[in-house]
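All remarks here apply to the structure that follows.
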Amino acid sequence: MKGAASGHYGLIARFDDSEALLTAVYRVRETGHRRLEAHTPFPVPGLAEATGFSEDGGRFQVARIALLVGVIAAAIAFGLQWYTAVIDYPIVVGGKPLNSWPAFLPITFKVGIFNSVMAAAITMLVKNRLPHFYHPVFNEDDFAAASADGFFLSVRGGDTEKLAMLLWNCGARYVRELTL
Amino acid sequence: MPQIFHPRVNGLTRILLAGGALAIVAFACVAWFLNRSPYSTGQGAVPEQPVPFSHQHHVGGLGIDCRYCHTGVDRSRFAGLPDTHTCMSCHSQLWTEAQMLAPVRESLKEDRPLRWMRVHRLPDFVYFDHRAHVTRGIGCESCHGRVDRMPLMSQAAPMTMQWCLDCHRNPQKALRAPDRITAMGAPAASDPNALLRRYRIHTDRMTECVTCHR
Amino acid sequence: MPPIERGQEGKFPQRELAGKRGAGYWRRLVELAERAGAPIESDGAAHSPERRRLLKLLGASMALAGLPACTREPQETLVPYVQRPEMLVPGRPRYYASAAIVAGYAQGVLAESCEGRPIKLEGNPDHPASLGACDAVAQASVLSLYDPDRSAAVRHRGAIASSGELLRELDDRRRQWNATRGRGLAFVTGTITSPSQRAHIDALRQRWPRARWYLHEPVDRSGVFAGSRILFGQPLEPRYHFEQVQVAATLDADFMQAQPGFLRHARDFTARRRPRDNSDDLARLYAIESTPGVTGANADHRRGLPYAQIEDAARQLAIALDIAVAAPIEKPLPEHWVKALATDLQRHPGAALVIPGDQQPAAVHALAHAINRKLDAFGSTVEWMQPVAYDAAAQSPAELVAAVNAGEIDSLVIIDSNPVYSVPADLNFSKTFRKIPWRLHWGEYLDETAKLCHWHIPAAHALETWGDARAYDGSAALLQPLIQPLHGGLSALQFLQMLESGKKGESLALLQDFWKTQYSGDDFEHFWRRSLRDGLVPESAATTVNTEISPGWLQKLPAPEPAPQGLTLQFRPDPALWDGRHANNGWLQEMPRPLTTLTWDNALLISPQLAAAEKLRDGSLVKLNSGGHTLAVPVLIMPGQPERAVTLHLGYGRTAAGRVGDGVGVSAYQLRSSQNPWAAPATIKATGAQQTLALTQVHHSIEGRDLIRTADLDRYRQNPAFAQHPAPELSLYPEPEPLPQSQDRHAWGMVIDLSACIGCNGCVTACQAENNIPVVGADEVARGHDMHWLRVDRYFPDPPTEPQPRTTFQPVPCMHCENAPCEYVCPVGATMHSGDGLNQMIYQRCVGTRYCSQNCPYKVRRFNWFDYTGSGAAHPALPPLQNPDVTVRARGVMEKCTYCVQRIASVRRDAETEHRPIREGELQTACQQACPTQAIVFGDLARSDSSVKALRASPLNYAMLEDRNTRPRTTYLAAVHNPNPELEDD
Amino acid sequence: MSQDTAEKLLPEGLTHGNMTGRIADLVLANRARRRWWLAFAVSGVLALLFVFCLVAVFSTGVGLFGINIPVAWGFPIVNTIWWIGIAHAGTLISAVLLLTRQPWRAPVARLAEAMAMFAIVCAGIYAIAHLGRPQLMHYLLPYPNTQDLWPQWRSPLVWDFFAISTYFIFTLGFLFFSLLPDFATLRDRARSRALQIFYGLLALGWRNSAQHWARYEQVNRVLAAVAAPIVVSVTGIISLDLAVSIVPGFHFTIFPPYFVAGALFSGFATVALLAVITRAMFGLRDLITRRHLDYLGRMMLLFALIVNYAYIQEIFTAWYSGDLYQRAVTIDRWTGPYAPAWWGMFVCNVLLVQLLWFKSVRRSSAAIFTLAITSNIGMWLERYQILFTSMHASFIPATWDTVTPTAWDGLLALGSLGLFVFFLLAFVRLAPVISMHDMRSAIYKREQQREQTK
Amino acid sequence: MPLWVVLAGFLLAACGNDMRDQPRYDPLAPAPGWPNDQSARVPVEGTVARDESLQPVPDTLPEPLTRELLERGGQRYEIFCSPCHGDSGRGDGMVVQRGFPAPPSLHGAHLREIPLRHFYDVIENGFGRMYAYGARVPARDRWAIAAYIRALQLSQYAKLDDLAPRQRKQLQRESREDTP
């Protein structure tokens, strides 16, 4: 099913290998385009940075979020155990002290880990905007190659003519228009 | 590769995700609420009794003491229900013709007991003891509500374990003087802690499992 | 279309259930009840079921949230009294004194009655035969009260008949008997100690003098009276006073388990054998046994001899004591042993006692009592009295068979006896029995005999009727009914009265009529009520007789015979089923038999030596041949069994006992002969097949672990603290706080005296009765799924082949460890600790991880592997019997001894309500209450004056596995034995 | 790793395109073969058997298992621990190899992850099935209830409950993220609309964008970093189930590391087993090479040695501690009713694995296959003997008893294997058995290295 | 599908007896199949329980007259008697006001003379229209009520001389104790 409304989204160019793509990315960014995406079948080192992704992407980097959430969750888990065992319904068990804090650690750890994993996963999906089933780049007929051996660069908006020339000049195999 | 999905799917996805999250929260809330609602505690339900016996009339109106009929409250774990004889103590003279009391008279005549529907029903694994409460200053009203205002008996308190524990952790608010146990609408005791000492209530023991479960 | 029989509404729907079997019994009852009370419209309106069903369906499918459920669960009802009896407060149990009849003799009980239903039996402290203790058989009789297999209707040729027809038929018969003065009429009874029954029987005999009277008692005590005839020329019965005994020797007498008065004997004798102080003198017990029994297991010196050699041993002893009897042909006992025994006996004149076994022949009795006379025991440790149950006129089953074959019997009335099952096989009784033209049976069950009778009349259970019975010392107890007969049976007096007068009398009136003839005072009413309340008729004990041994007794002794060569097969009454009469009782079937720990089966006890010789293991099937009959029996290796003797218990192999007892074990009666009822030559042959035995304990060696600490008296006197082992040096655990000492706080604890415990398992059944412990059946027991909360561990010495093993017993309930390992591993907190030291088990919280059991070092936790109590179970719980104060556990939950927390709660609340401390003796656990030897003491460790506290301070007190730092609240007093120093080398 | 090892792990002539095509076609193009259908049917029947047995157990009671009072934990717990061990290896292999950037990870990681996923499912089901009242499992959760009750936090089983559920979610996430780019590949290559939608939904709209990849690698790194602690802690907690208790054979402080090693041992064995089967079944001998088998064999040997050390340590401790009960248990293991289990374990885990010292053995498919099976059997026996010998004869001799497994035990065990295989077979048809994007990266790395060498 | 079957098995497990309803008879529970479905049964006529007294009922108060006894009697009088006899014993209780035939005043000459035992017997066995209260009022309470009635009468016609000397002293002592 085609999209109901059609309009112009941008351009997409296919390159033969990652180097060509990388140089094209640099070139296009030099001309001031910011809304571009490089599509490669595997992670190409440096490519993401070239498209404007910063490795330690600010405060909301996946690992940091994971750590933070994990620590908070662990604290909550410990607090819950302590509260329930010491405050809410203290009962003597096996002659052990009410606040058997070493026994609370495994769950504290588990809950921390669990939440940090969830946080990492969710952060990744959210920052990648990921359940995103419709995207204009899929309107490109050959885009399937991006998951095998195709290296693509899609640029949104901008001055179509100039950009197309630039991409040709960077050695694109072809440059095509992307509809909305 | 052609597009697989319609653009609207993106929005739909978001709605579904949000809806899913919301549904989980809603389910949790509903479950929480329902668990404590009269629907599952049985509060307020009025089972149909063989005789529409009105506590409002007998207790609120006539001022008969609870123990006249529930003779076991201060002697046994089980409060006891009046035998037919107890009803007939008065109704051999009052309303001797009333159709409404026909089952009572039948019962006496045929030596067949009345079968009252249970209103308060703890699970069998809970061992509640009326005597332990009634002789230690907990009045009927604390658990059964304003019986003197109930035309037909219904359960007033949730009777969940949490409800029991609320009082067992802090019984002061419910204590009464010994002569006020069966009184309805009695004001709270002025010095609950004195009563606590007077009744020698073991607040430390009262939340132990074995107090109520065996 | 056949007419459907319907039970009348309100009455027990017996007809529907008659003859039905299977696990769904109670369920079927419920269905019947539902059918009987068909729903009636509330407003008397008219609709057909279809329409209602439509509505219900709609209602169910259209429940609107928030409305009180359209169709709730069926409402529960409360059914109060029409007129509540005085003093009966629903929810509070009341107690009635009565008596349980164990092997014919009365044992005083108190029946706990909840709203008029008997729930549990406990010992009557006022009764001389129990002194508050209660054995397993008496405990279990309340289960048989509610046994759904009990006979519920008069039957004629197997079909249910009306009692009117029966009366008409009886009238015809009685007219005939009156005419012939009873010719051709015969009665069969068992042992009857009831004075009123005997009076009625005497009346019958007077009425029909030509009628014959046969006594059939499979476990008869004829040897006792035959022995006394030899000595005194008249049948007398000895009464032992163990409280006086300093040295006792038994000649195959299991007086702590299998003889009348055994509870009292055990109580009295162990009281002399437990040290409370290291200056105490302890009594000493020598046992000579043909089969290892409880008494022998507790003896200081024990010798096992085949049945036939007991007499030889008696002769040896008599000779050693200078009694001029003929010497035995071979001397079974070592000389030094006999000598030591003789000197020991002689050292305590007037405090020594030799006890002959009830099943031993007359000669042994005569010899034993001659020895007693010699030891000045008459009048001190043994007294003679008129027999409690002895009927000189009664004839034996063998004579009955002869009479029948001679055609002299045309009517047979069987009074609560089961000869078809239990008459020895050589008489071929059932075949003869069928020849009798008219046979009538009165009994509780439609048993083997009843099925072969023309008429069967259901008997009321002992807890349903008025009656009386005498105890071992002859004192009479009155039996009160605790409930109206559930199945409308007749009491014994009613039955006898019916025979006598053709009318159905009133049970109470009949009994009172009899006792009015016995009572000479003027205030009969007071006498009567007092006897009922106390459970004992005052001053009714049998009169003692001062007699002397008649001079010619030696001549009356039979000559010594050579011991038979080859294997002897010995018979024993079963400790639980006795002669088979309790076979349909699940509690008894599942009670681990003392010493063998076998349940649900009888096995041939063989000695380890024989087993080694025949290459037999526990459970190996052998072909047992005796007297021309052969049985396939599994064997069980029994250390201490005489090498050339094997023992088989009576009471199994029933075919018409009921759904519980049918087909359990094999019937020893098929090998028994009427001539030689207690021992017979036999052969065994291994078959190579194997059968699983439902044993509750399969490992018999204590493996050198210090779980049971014992010492002999000398060592104890030297080192009273011998049981105190040094604590582990380094403990990772924090020390617990000391016990609370306030008046309000309790610290429950238990001390079990290993010196006193004789391993009788009475406590196990008491706990079962008190705590709604289910019966699980043989397969489950065999899989290790037994459910008793209290087990009695029994250890044989290593190696098991030692000829004279000393067996040790150790009751193990939950220890209520202060640092309970079971608690901290439960993920849901279903088992936790209470402030007064109980290890609480909260069933409804348990999800069944079984981790607690893994971590309980004592392995006292039990798990409901299947639904053992529901209506689908093999032995479903009987609702009227269950203790209403104890949860009936469901599938998948763990359970264990709770220290009878329901009793604690109830007694404590009584005391607190009355603002007083708990009285001494007011609070007893069920096991404590039942124990004949008072080996179990329970109480409050926080009270300085409690007996538990005192025992805890004893140097003998130790905790099992104390090195695991579980700090149990149940501790043990180490056992102290009193062996004869002269027999040190034994 | 030197460059030539990387060389040999990948066949020549492998390009992004043809590699992707080959692996994707295993899923998309090839019709399932008879062998597969047969195996699928058989395992399906076994899985149904599993379900049937579960229903029987749930509706009748855990008494169906061969357990009783001294031995209250039987087959279900043995199998739980065993399956969890297998699961752990899967996760750990994938994660640790990722973190340490082992070049031979790519072809075997997917197998390891899938195996972990299905093993944890089996383990979880077993853990529930062994409960007496599984319908009340929620009592282990801290949720506000009208009884005001909470779980008992000191119990290792509560830790377990959290551990296994955490681990389940983690494994699911790990597997899914590993699959995400491959789902996109399959989406892009699928022909039928149904498959496009199926994989399209699973791929979440993955666009292979550079930034996607960047964050993807970040999250994979986080997951991998977390994997090790998770695995160690989960196994550790499982082992604490035993170690916390005072049962003589359980009460060892060495249990956690010992269990981890054992888990890895059985896990590597299972991966090796699957690798052998996969390369044979799908003709992937050039992608999963003998070198890979060699590496797997080495890992098996390594962890086997650790496990052997633990055995020695355990025996030594029992002897050295002087604890009567410990010593009795140890003797019992060798001589008691369950001695065959111990000796079987000894043969499998101690003797046979020594064969792996030989390179020829490590590189032989058949040998690895055999040893993998024996190692799994050995590890199962190890768990079996730990549980049964420790429990059947503990402190009080009167309580000693043995227990025999019932038919239900056996059927359930068989069924769980069937379920595992069933899931694996289905997985193999629905998802690529070798991680395509990892392979593409590997090829790219090789190209880069060649560039440099040029 | 297997999931559902497992779930069904799970539910089966949940269908079992969860101990909320146990196969046992709690007080006054119905017993299907027994007469009138009653689990509570009447003890057999003529049996004597352990807690029953063997002594004949005495003619006067069997225990010393204490304040505690009078208070107990007063409380029980309020519960069981006052609905008909009224708080003051004049036969004007609430139930009488609603049509129950009026009982005679307890202050009638006849009743002031009558021995205490009479009240005991009437409570136990009933009298005329008054049903028996023996089941509701245990023996000690009967004496307590009787004593209280006597005290009520005395309060109306106070004559100390009517009391036995011992009781008189008792009362005086009690009242003396109470005054400070």
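Of note:
The letters A, B, C, D and E name the chains in turn, as written, and every chain counts its residues from 1.
The rule is simple: contacts are C-beta pairs under 8 Å (C-beta built on N, C-alpha and C of every residue); 3 or more make two chains touch, one makes a residue touch a chain.
Just so you know, these numbers come straight off a predicted model, no measurement behind them.
Number of steps on the shortest path from subunit B to subunit D, with steps defined by chain touch: 1. Chain centres computed from CA atoms place A at the largest separation from subunit B. Among the remaining chains, A is positioned farthest from subunit E, on the basis of C-alpha centroids. Relative to the centroid of every protein C-alpha atom shown, the closest chain centre, again from C-alpha atoms, is found for C.
Averaging Cα coordinates per chain places subunit A and subunit E 81 Å apart.
Note: centroid distance subunit B to subunit C, computed from Cα atoms, is 45 Å. Chain centres here are Cα means. That of subunit A falls 78 Å from that of subunit C.
Annotation: 41 Å between the Cα-based centres of subunit C and subunit E. Residue positions of subunit D touching 2 or more other chains: 133-134, 148-152, 154, 156, 158, 187-188, 200, 205. Residue positions 13, 19, 22, 24, 26-28, 30, 36-38, 135-136 of subunit E each touch two or more of the other chains.
Annotation for subunit C: residues 10, 76-81, 83-84, 90-91, 821, 824-825, 829, 832, 834-835, 843-845, 867, 887-888, 891-893 touch two or more other chains. Partner subunit B is touched in their complex by these residues of subunit D: 144-149, 187-188, 193, 196-197, 200, 205. Residues of subunit C that touch subunit A in their complex: 733-734, 736, 817-825, 829, 832-835, 967. Taken in their complex, subunit D has these residues touching subunit C: 60-63, 67-73, 130-134, 136-137, 139-140, 149-152, 154-158, 160-161, 241, 244-247, 324, 328, 391, 393-403. Taken in their complex, subunit B has these residues touching subunit D: 1, 4-5, 32, 35-36, 158, 160-163, 165. Within the complex formed with subunit A, the residues of subunit B that make contact are 1-10, 13-14, 17, 165, 207-209.
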